[in-house]
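I've put the structures underneath this note.
Both complexes shown next keep chain A, but they swap its partner, so chain B is in the first and chain C is in the second.
Then we have the complex of A and B:
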């Protein structure tokens, strides 16, 4: 058991930090420190391409696909330095963390050639089309239909909560391709170009006034027959494989974003005297401890190569960070007091901490609600009987 | 960076778990509870046959080397069985203090007997202790396994001394204690002669570090045992024609236990590893581990009783052993609020 990094790894850390800081002080200084995922999309696409050119876009990928074949420790270091340098989040995180690894694991050689280099180069932005109005927690009940017609897939239906669909180039969708099937059977995983007449995207305004998520409508939308990952009817298997990638190294970068939020709360508490309140001090200490435990939980999960047993740290990670961050939002408002409930501007736009308070209500819902997470933990982690399915 | 056990660490864990599972049975622990809270035969087996007592004590001081990670592994295994042993007072606090702060002579005079289990030491801390030269006066109300000890390591906030339990001026009163697996004694010292440890600051720091890590690891093991035993019960107990573990209200409580336990596991081994590596984070980590793991254990032990229903409230069931141990760990060596205030001070500065 070892926590420290080697001198070579520390050198690598310096290399990452130097490059990122130079970029953020130079050509991309206008996007430094942006925290909202929807801000400056065009500039951030350019940033994706800059990362790609310099081979910093997907460092964990094999070199042949545009990565650096980086070790786990190097990926950890890069994620930490990325956030430390105030670099905004990746607008192509779905492409890098979900679509890419899925294609790498399940795609054909041709699909790899076609997609991976462009994802790594920051030229193809992906979004995810899983949820539907009638398929939220119960993901397997998707109804969007796909049928093969004239050598093409033709898709009809609706997806929802498609984060960043409005700035994406491709969407992957789980479609029902076998008439009359229910649940996980009869589903197929397709990748579709977004810029086509059959796809319409409408933004959903959220409780914080922002619109990161969308409704995506498919009306005879089309994609080539070979845009399918896996075989016909294997959509559920591919989707589940993809969701397993969601707990990768990127969580450490996400945590550095949390670090910045907690630091802002600490600064606010110092400035307005809340840092003297014993109860606030207890809560800040709890938040600090929780954040550190998230880091070491993630390092345990990433260091673990024994996949024969259930990894408790991985299984509990989502609910852990989501719940922590929701509490952090509440702490932020208690530190700010009523000053957090007003904004100087004339538009309904919020600074980091009030926005954290509002946005974090989504954290305990998307990617599996806290209630679904508890079911999964009890069933997969502890072997409790599965929830019975209704037949409505 | 490789935050998983080495093969050697995994083996130590297996050895320790096997020892405690086989020997620290409910029956034997209850026999110890009815007496002085020590399963003497198990303590000798632990110290002598398996030689686990020297773990975390430098080889130069007669120990087995290794560090806090290995100490935590053992404490976790002992905690899982609520073993009635003087591991905390005699090894994690006293032997650590002597190994870190004692002179070579003091180490040679005391550590072999502590590590062999022939002598039991207890740790007596009184912030208000007065020392005229090395003549000590003070009192500590909650000395773990104090009535079983032959030797005391007595500390104030700045000094550390060795005082034999039978020294003139020392009065030891055994206290009927809620957690009978680790009964307290009141130790009154009225003008007793102490032998000062050569480096008191080092002794106190080592005792605190090892003490926090040990009780945190015990709490982790205890919490996991509460979950494991409750999961087993959830499978076998049937009500309304179904296993009670199939009810969502029940499952979600089990899940909440696991969520806290996984964080406690990260906390304990982060703290132990940071301490071993001399990391800057170690000071914060040991406070985080102690407070978090203690709260986790209490939450899990409380849930264990609730989720067992009536049987969990009986003396016959072991749930109360965990529940009482958890409560004791929350209070001892600084309560959760105190540890979190130490963390707050590190990041916010002192409160005015």
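Then we have the complex of A and C:
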């Protein structure tokens, strides 16, 4: 165990901070402080490219693919400084945190050449086409069909809840490529360009009035035969490998976002007097402790380099942060009191804290619901008997 | 001692429930949301049922009923997520006016041509009142800024009680939406409601709601009878109902999965109304404070003989 940062690492911190602050004070000052996921997509794509040009886009990646081969400590530092400088979240987070690492782990040399430099350069934005109307928690029941025809994959079906599909360039999809199969067998993992006649995207309005996610329809949509990761029929293995990356270093950036949110709540409580209420004080203290738990939990999880088996830290991570943040949303509302329930604007647009309350309703749902997480912890982690399930 | 309602009270509540179920379903909420929130025909229908005059004395043409009946009906308004300011005007504004002997113009209230909106410092935004408009998280709520000149306790207590009553109705409705969804949504080859992980959460909501209800009815009776302890009863009710509603809203969203996070599933109207009402007429901190003060400050007597008071 070695905690804390070395003098060299502190120098690296200064380098990150200087660069990020200069960008956020200069060319990109218009997007500084944005927390809304759907705000200013075009400018934020430009920001992705700026990060890429300066090699700050995917610092943990190997240098040959546009990264910096950064150590865990350096990635922690970058995430901290990124948040401190008020830089908006990454519109390409699916690309840099899920698609990229999956291609790196399972892709062919050609696929790496084709995609990784562009993802690192912020030029290829990815979205995730896993869920379907009938396949949410039960992801293995996907029905979107893929078949090989004339050297191309032809895909028909529907995905849903595809976040940011409307601003993405590529989508990766889990398709059923073996007729008559059920469950995890017979699935194939494909990457498809979005801008084609066979793909249609329709926004779904969320609870806060925004439209971050979409329905994505595939009607004879096409991609090249070699646009598949892994072999035919290996889709489930790749999808599960990809989901493991969800517990990767992206959690650091996410936690820094949480830090900012808690700080904003503390500032609001000080400003409106809620900080005098003993109940609120205690909940703020508890939120702070929760953040610490997550912080050290994340470092423990990320320090583990043996990914051959899922350890307790990795299995318990999602439910911990999701539940923590959901109650953070409630704390935010209790601190704001009635003032959190109104805006003086005439549009249905919400400030950071009311939006935090609304966004955080989804945290315990996406990326595996709390119930699914508990099942995994109990069944895979603790080895308890599986709950009876229906006939799939 | 008898905690049952009379047949008349039950029949009244049931008829309002049936009326709202028949005329004010989720499709109406969607239409209102798209078309500017208010439809005079809905208001007229409520007036025709006598609801605008429920608490107006018979001498002014009203039904002359009490806060217990009004609370029962407020719960039905919550269940239907009624957008019109019936509760605010007829069950909060009217009893306040009547208590001060200001009965002029109440016949117009009965007829539905006049509405009452009274500000209070704890509640500076009023439903469907005059003043600068605000946007509420509840898309069907028309709020306006209203400067309060006095802090009347009765007004505050009736406002809080009626919010609590609506909250239990809202909770009931969210719970049944979640239960229905859990029965029809299948994953892993069975309805998700068959998984104990979901079932138990919904059962916990039911516990919270069932225990909130009698506290609300008790508070209504206390306020109606003018008991000195009424404010504390009202705070109990507001807290229990807020907790039940927030738990049920959170759970109902969870049960709906990503669907529950959309504007396209009806649930969000109920969830947002709940959120708005939890903060209205004194938030949690305010009502906790009142209970603490009463209990620790000695205003509320303690001891075995006061247990069921």
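The definition used in the following text is that the second predicted complex is superposed on the first by the 385 of 392 C-alpha atoms of A that agree within 3 Å, B and C clash if a C-alpha of one lies under 4 Å from a C-alpha of the other, contacts with A are read in each partner's own complex, and residues count from 1 in each chain.
The rule is simple: a contact is a pair of C-beta atoms (placed from the backbone, for glycine too) under 8 Å apart; a residue touches a chain by one contact, two chains touch by 3 or more.
Being a predicted model, the structure only gives us computed values, none of them experimental.
Visitor: Once chain A from each complex is brought into register, does chain C clash with chain B or fit beside it?
Guide: Verdict on chain A: chain B and chain C fit.
Visitor: Answer with first, second, both or neither: which of chain B and chain C does A:350 touch in the superposed model?
Guide: After superposing on A, A:350 lies in contact with chain C but is clear of chain B.
Visitor: With the two complexes overlaid on chain A, check the angle at chain A between chain B and chain C, Cα centres, nearest 10°.
Guide: 80
Visitor: First (chain B), second (chain C), both or neither: which does A:120 touch?
Guide: After superposition on chain A, A:120 lies in contact with neither partner.
Visitor: Once chain A of both complexes is superposed, is A:340 in touch with chain B (first), chain C (second), both, or neither?
Guide: Second partner only, chain C.
Visitor: Touch test for A:279: chain B only (first), chain C only (second), both, or neither?
Guide: Once the two structures are laid over each other on A, A:279 reaches chain C alone.
Visitor: First (chain B), second (chain C), both or neither: which does A:131 touch?
Guide: Touch partner of A:131: chain C, not chain B.
Visitor: Is A:382 contacted by the first partner chain B, the second partner chain C, both or neither?
Guide: In the superposition, A:382 contacts chain B only.
Visitor: Looking at the overlay, does A:373 come into contact with chain B only (first), chain C only (second), both, or neither?
Guide: First partner only.
Visitor: Could you tell me how near the closest CA atoms of chain B and chain C get once both structures are overlaid on the shared chain, in Å?
Guide: Here the least C-alpha separation of chain B and chain C stands at 5 Å.
Visitor: Which positions of chain A sit in both the chain B and the chain C interface?
Guide: In the superposed arrangement, which is not itself an observed complex, chain A uses residues 371, 374-375, 387 for both chain B and chain C.
Visitor: Of all residues in chain B, which touch chain A in the complex?
Guide: Residues in contact with chain A: 1-6, 9, 69, 227, 231, 234-235, 242-243, 245-246, 248, 250-252, 254-256, 258-259, 261-263, 265-267, 269-270, 273-274, 277, 279, 281, 284-285, 288, 291-292, 337, 340-341, 343-344, 347-349, 351-352.
Visitor: Tell me, which parts of chain C touch chain A in their complex?
Guide: Contact set of chain C toward chain A: 123-125, 132-139, 143, 186-190, 192, 194-198, 246, 250, 253-254, 257-258, 260-264, 268, 271, 275-276, 279-280, 283-285, 288.
Visitor: Mind listing the chain A positions that touch chain C in their complex?
Guide: 131, 136-138, 141, 160-161, 204-207, 209, 213, 274, 277, 279-280, 326, 330, 333-334, 337-338, 340-348, 350, 354, 357, 361-362, 364-366, 369-371, 374-375, 387, 389-392
Visitor: Can you list the residues on chain A that touch chain B in the complex?
Guide: For this pair, the touching residues of chain A are 1-5, 9, 72-73, 76, 266, 269-270, 275-276, 278, 281-282, 284-286, 288-290, 292-293, 296-297, 299-300, 302-305, 312-313, 315-316, 319-320, 371, 373-375, 377-379, 381-385, 387.
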